[in-house]
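Naming follows writing order (A, B, C and D), and every chain is counted from residue 1.
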Amino acid sequence: MTTIREVELQGHIIDSLTFTRVLDKIMDLDGEFEIISFKIGEHKSDPSYVRLAVKGRDEAHLDAILSDLHRLGAQIPEIEDVRLGTAVKDKVVPEGFYSTTNHPTFVHQRGTWIPVEGIEMDCMIVIHDDHAVCTPLHRILAGDLVVLGPRGVRVIPPERPRTHSLFEFMGGAVSSERPSATLIHQIAVEMVNARVQGKKIAVVAGPAVSHTGAAEALAKIIRRGYVDVLLAGNALAVHDIERALYGTSLGLDIKTAELVSEGHKNHLYAISEVVRCGSITAAVQQGLVKSGIMYESVVNSVPFVLAGSIRDDGPLPEVITDIMVAQDAMRELLKDVDLVLMMATMLHSIAVGNMLPSYVKTICVDINPATVTKLIDRGTAQAIGIVTDVGTFLPALASEIEMLDVE
Amino acid sequence: MTTIREVELQGHIIDSLTFTRVLDKIMDLDGEFEIISFKIGEHKSDPSYVRLAVKGRDEAHLDAILSDLHRLGAQIPEIEDVRLGTAVKDKVVPEGFYSTTNHPTFVHQRGTWIPVEGIEMDCMIVIHDDHAVCTPLHRILAGDLVVLGPRGVRVIPPERPRTHSLFEFMGGAVSSERPSATLIHQIAVEMVNARVQGKKIAVVAGPAVSHTGAAEALAKIIRRGYVDVLLAGNALAVHDIERALYGTSLGLDIKTAELVSEGHKNHLYAISEVVRCGSITAAVQQGLVKSGIMYESVVNSVPFVLAGSIRDDGPLPEVITDIMVAQDAMRELLKDVDLVLMMATMLHSIAVGNMLPSYVKTICVDINPATVTKLIDRGTAQAIGIVTDVGTFLPALASEIEMLDVE
Amino acid sequence: MTTIREVELQGHIIDSLTFTRVLDKIMDLDGEFEIISFKIGEHKSDPSYVRLAVKGRDEAHLDAILSDLHRLGAQIPEIEDVRLGTAVKDKVVPEGFYSTTNHPTFVHQRGTWIPVEGIEMDCMIVIHDDHAVCTPLHRILAGDLVVLGPRGVRVIPPERPRTHSLFEFMGGAVSSERPSATLIHQIAVEMVNARVQGKKIAVVAGPAVSHTGAAEALAKIIRRGYVDVLLAGNALAVHDIERALYGTSLGLDIKTAELVSEGHKNHLYAISEVVRCGSITAAVQQGLVKSGIMYESVVNSVPFVLAGSIRDDGPLPEVITDIMVAQDAMRELLKDVDLVLMMATMLHSIAVGNMLPSYVKTICVDINPATVTKLIDRGTAQAIGIVTDVGTFLPALASEIEMLDVE
Amino acid sequence: MTTIREVELQGHIIDSLTFTRVLDKIMDLDGEFEIISFKIGEHKSDPSYVRLAVKGRDEAHLDAILSDLHRLGAQIPEIEDVRLGTAVKDKVVPEGFYSTTNHPTFVHQRGTWIPVEGIEMDCMIVIHDDHAVCTPLHRILAGDLVVLGPRGVRVIPPERPRTHSLFEFMGGAVSSERPSATLIHQIAVEMVNARVQGKKIAVVAGPAVSHTGAAEALAKIIRRGYVDVLLAGNALAVHDIERALYGTSLGLDIKTAELVSEGHKNHLYAISEVVRCGSITAAVQQGLVKSGIMYESVVNSVPFVLAGSIRDDGPLPEVITDIMVAQDAMRELLKDVDLVLMMATMLHSIAVGNMLPSYVKTICVDINPATVTKLIDRGTAQAIGIVTDVGTFLPALASEIEMLDVE
């Protein structure tokens, strides 16, 4: 007993492969379809529109199909209100809960579409009066009204930009065989444009930024005002401060690339000295730390989150050792971010990627192509990967920004 | 004004390169030496003995040289008691503190050599009455008596085993071009021997163990009694339980390698269902979870630590979200461990490596050679690296163990 | 002065993204289009049909657009004969020459569509009477009639298979985080099916097959009749024969993973002994070589090409040292191949990939994801990549084939 | 029935680990030893001297031990003439042939030590009158007098330099976590010093130099006179010329990083146009090629070898398609080279590494650590690896050289 339901697609559904993916998915799931209406935009800026009748073997089959189509951006024209379930216990979801994508999302509630606040992937949507809030599992409380899905939920997948920019020509491409200087120039252009337009730039950085001798270059980029948020771990801050205090990173002299005598103690001294001051901020204010990434962040009032990890020594006072608290602090800083530059850290890149809406421009720089592959595999499909050496990348980026900045 | 001091080397100092490293280090630091006594063992089991006079430009220069020599195992024959300093504040070290290696270490205190308990690298030594305790920076308390070094401290670097075993022929080698089946056989032999001798085996595992379909193989190894301690993160446990409940890992069906409809929700459901039960242990006891790594760990009373990380969803009830608490829990379980098998996780491998004494046999299995390189660079020099695919490695290891076990 | 021309798309143009790519390309190149006719197949087996009017700024602009559309499979309904140019010199192409894709291709000549023989990418099409022959640059002779393009040329890009098979779900995916045993099972199924259907299987293998101890497993697969063509270099054959003669590969004992005394000479001895016999075939016939990959190839009459490279010692008698001669020998053996299994060699994988039509099923197994990425980047887009250790992969594959074979 | 023989070690045998390796090897092979004389140099420049009595179970056992010790640099004081065998056939070695290391080597012949000419690893030594010539297997001719070993052969392993230089502190280290700018500065210093001292610099480069947009930077280094020999393959030259003619590398515009319309034809056009001119040299002289690596090589009379490989299109006229001929041409150019910079090519790096004596300073730059690991594993133990992106490395190196050059 076949059941049928109509769905609509609109926007740049050809470019963004939405149309293809929707038909594909129907056939993959053994459904059928008929095209009812079809209008393709002829120009780059014209949206397209398609209306399809989707057929399933039975109600359950059709529901499974629609659930997947919905995540691709298909909408059900006859609009219903979302269905809700109640969490019976903290961190326990009701059966049939709706799991979010990282695309902008709306829920239909009492006759009107309301936007879901703070969208990120793999979360629930909780309704509070007339607000719909994207809520990670650890913040679900007993009694929360959780959206069951997908009826009454609308997802708007990103449209591929058609203007010539860094983000246009690289769809998930991860190769080291691209013209590095050109890519660096284009990243600099993106950052300068973001700055001019008052957009918010976040930097996510691993300790290799310090080990490869690129801390001063990142410090310069911060000093010029190109970083609005810094997300890192204990190690980045420790080795940056170690370098500021002793000229070494993990005991290796940055200027000579040689291990110095007793250099293995330097990072522990660095932590201890900062603890003695009370905090990194205090260490900067008291004149202990006089250069580097953390120094510039403090001096230029760039907010940062240092999230703990199990391999940390110390850690430094500002490091948030409870990782769920750290996650929430990162979420807070990531609000309204427009451009994220991730460098030399798989852990923090994936963690941040998980919290980003799909419209945030995301650049992932790593010498290991696996970092970028994994980031994209884990759902941060908008990320573009640059496989390069952060130790040569950051100085080149700082120079490019400086040149563009002067113009 | 040259100053001179004598140092001694003994043990398998030729094999283990101690002799070479000591002379090297003296010359690197612009010191000089004279060999006073020299006796090399002729057989594999004979120890050697060397006594050197080391000369420095002045007291400070000589001290710097001796500090580095000491870490290599050189001992100063005229024995002094350790010098101590007091921590003025929690997590603040006294000037000139002694930073530990991961080698067995003794301190000379009131005329006698006492062993340092719980040795691991990059820690301090705190004296409590007649105990010397290796103490990470985060556990230093105001008032602690901290060893200043290196006088009165003795370090015993590991001697390279001369018997034919896996650990003999691979000194820091990290290549994918070795006979895989032979290496797997040798690891199985090590594990079976450890078992027979009542030694303690720890397994450190990343979520790729589940994604590559190897969870059942690891479960079998646990069931046969070859794992005494399991160290992992939230992700391993989540995806293992996801597989036990729904047959998928990150939504991919393990038996078909295809993404299933709505599979992206499975890991969240898995967490939620375990939360509903109260804990992983409860979920096993209540019959929810009936197979896999966590199931076998619970059923076979294998203690585990699941340490949190900022990319965690959930997390599961047993996950320790404060990373310093998690570190200490891991330390506790790692006591007396003899053999550690690290698989498919850079973060946990380095974290565990940091806590291991240098005499613990350590095998690091990863498809990315960078994981092993980094582990060794970070000081876990005893680790041997096997660059292979954990998804084929674990089933082959389980078979080898089974075959050896029967014999 | 706008010019317009109509193009047609047919087949599984939605699935295979042809439709999307065509519209995309038009917009990327600043052209415009109007959809004249549009019919989408509702079932998996139904083809679709689209007719578009494409507009360019002028004739040259439209030509550039059509040239690119053509490579995507768009056809120009009003059919013209191909235009031809004459090569003025050996290895010199006429201006405006048509460069082939690796898709099945037809040229319209004297009113009829004739298939291009031996299609591979980056070649020319030469017309000989009523034959059209895909011709690499090094075989272009002065006087050859070379197709200029793209008018009168028709390209049929592959359609994505919709049946559930290994090749369906992995479009260019290169991740190490997939269920290895499942993938190996699926490859075995593909091979067994190919065998049953009388299809031709080629194996391309690098020397790591021997170094990782997997030579016996590949030998077993050859012995069971699952290899119709073997393509490799000198090194694979040398180390396979070294192992057959002395039990070592590059001097490392395969059974103990230890370097043997004087083992560094073994590969030179192996070459020298084969030279003494006259050839590998003779060495097998004379009883010198009694096992391994080359032994089974000779005994089972599997044709092989061993292509030289500048790092070769020796080389062995059968090695073709002129690389253009080797290329042509490989081309000859690759004719009519249906399935190619490439293992642990970037050089040979890319070389073979360059010669394969896009409908040949291609599996690339390597521990380094970069090998697969590069293969796909270089145009072998149909390749699926398995990131695993050939030393564990091949024994598991041999077992799977054996089990399926018995059934 | 134990047999005994004395061996001597001299030079910087402590630093260079020769002493340790010798004792180690004796024990590994179940031999015994007694130290007869032992004198260690106290200063960096002082050589050491050790005389050992080595005992074996019997003559054969002792021979096996001595054969391995000999490769480590141990010499037998009671000097005998080398023993010789005759090659019975071209490319066939006599039983017991001596296989060379890549260290400077001398043979004792008619009472005098004569140096082996053109030493490289894995070759034979052929005696021609009073010359001893290192001879690869493919050049062994029937009737050649081939050294049997190791008696009468003396090997001088390299001593680790003690002056502070790039080559001192990095023994086989392959990590991406080092200060990149510092390393690049040090390489520039090495190159400038080599230039000043009239030493010969060879560059080995893969096509990624062009794809990453670094061709102009390498061209600049050649123009400044820092390259005496260029070794590459067809692909480097093709894409460099493609860029010079059309601004693209593999069809990707270097200045915009976008694929250009019909760009896939550019490399074929580039080859064809050069063929039309007759050669690369002619193409430069006729004004077709006006910039880039090949242009500067021709204009500055830098000799080059372009060696063929089976993945080549074309190839270009100067490419040597017979790989054994190419090898010998490379050998010829590598004579007297003092410094080799290998970039972004595993195949050519290993091929060149195989031909280099161990005293040639060798720097291997690659984004893939496996390239360096494999180079060192294959015997080029003197190589230092820089894991970085050649696209950012070369411009930075060119700038550093320019700055140092001006001074």
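Going forward, contacts are C-beta pairs under 8 Å (C-beta built on N, C-alpha and C of every residue); 3 or more make two chains touch, one makes a residue touch a chain.
Just so it is clear, the structure is predicted and the values come from calculations on it, not from any experiment.
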{"item": "Greatest separation from chain C - chain, by CA centre", "value": "B"}
{"item": "Inter-chain centre distance, chain B versus chain D - centres from mean C-alpha coordinates, in Å", "value": "37"}
{"item": "For chain A paired with chain D, centre-to-centre distance based on mean C-alpha positions, whole Å", "value": "45"}
{"item": "Inter-centroid spacing, chain D versus chain C (mean Cα positions, whole Å)", "value": "33"}
{"item": "Per-residue overlap in chain D, given as positions that touch at least 2 other chains", "value": "176-177, 368, 370"}
{"item": "Contact graph of the chains (line, ring, star, complete, other)", "value": "complete"}
{"item": "Complex contact set, residues of chain D against chain C", "value": "29, 64, 67-68, 88-93, 97, 99, 122, 136-138, 261-262, 264-265, 267-269, 271-272, 275-276, 307-315, 321-327, 330, 346-348, 350-351, 354, 368, 370"}
{"item": "Residues on chain D engaged by chain A in the complex (per definition of touch)", "value": "164, 169, 176-184, 186, 208, 211-214, 249-250, 252, 254-259, 367-368, 387-389, 391-393, 395-396"}
{"item": "Parts of chain D lying in touch with chain B, wherever the complex brings them together", "value": "14-15, 17, 19-20, 23-24, 27-28, 32-35, 38, 40, 42-44, 162, 174-177, 369-370, 373-374, 377"}
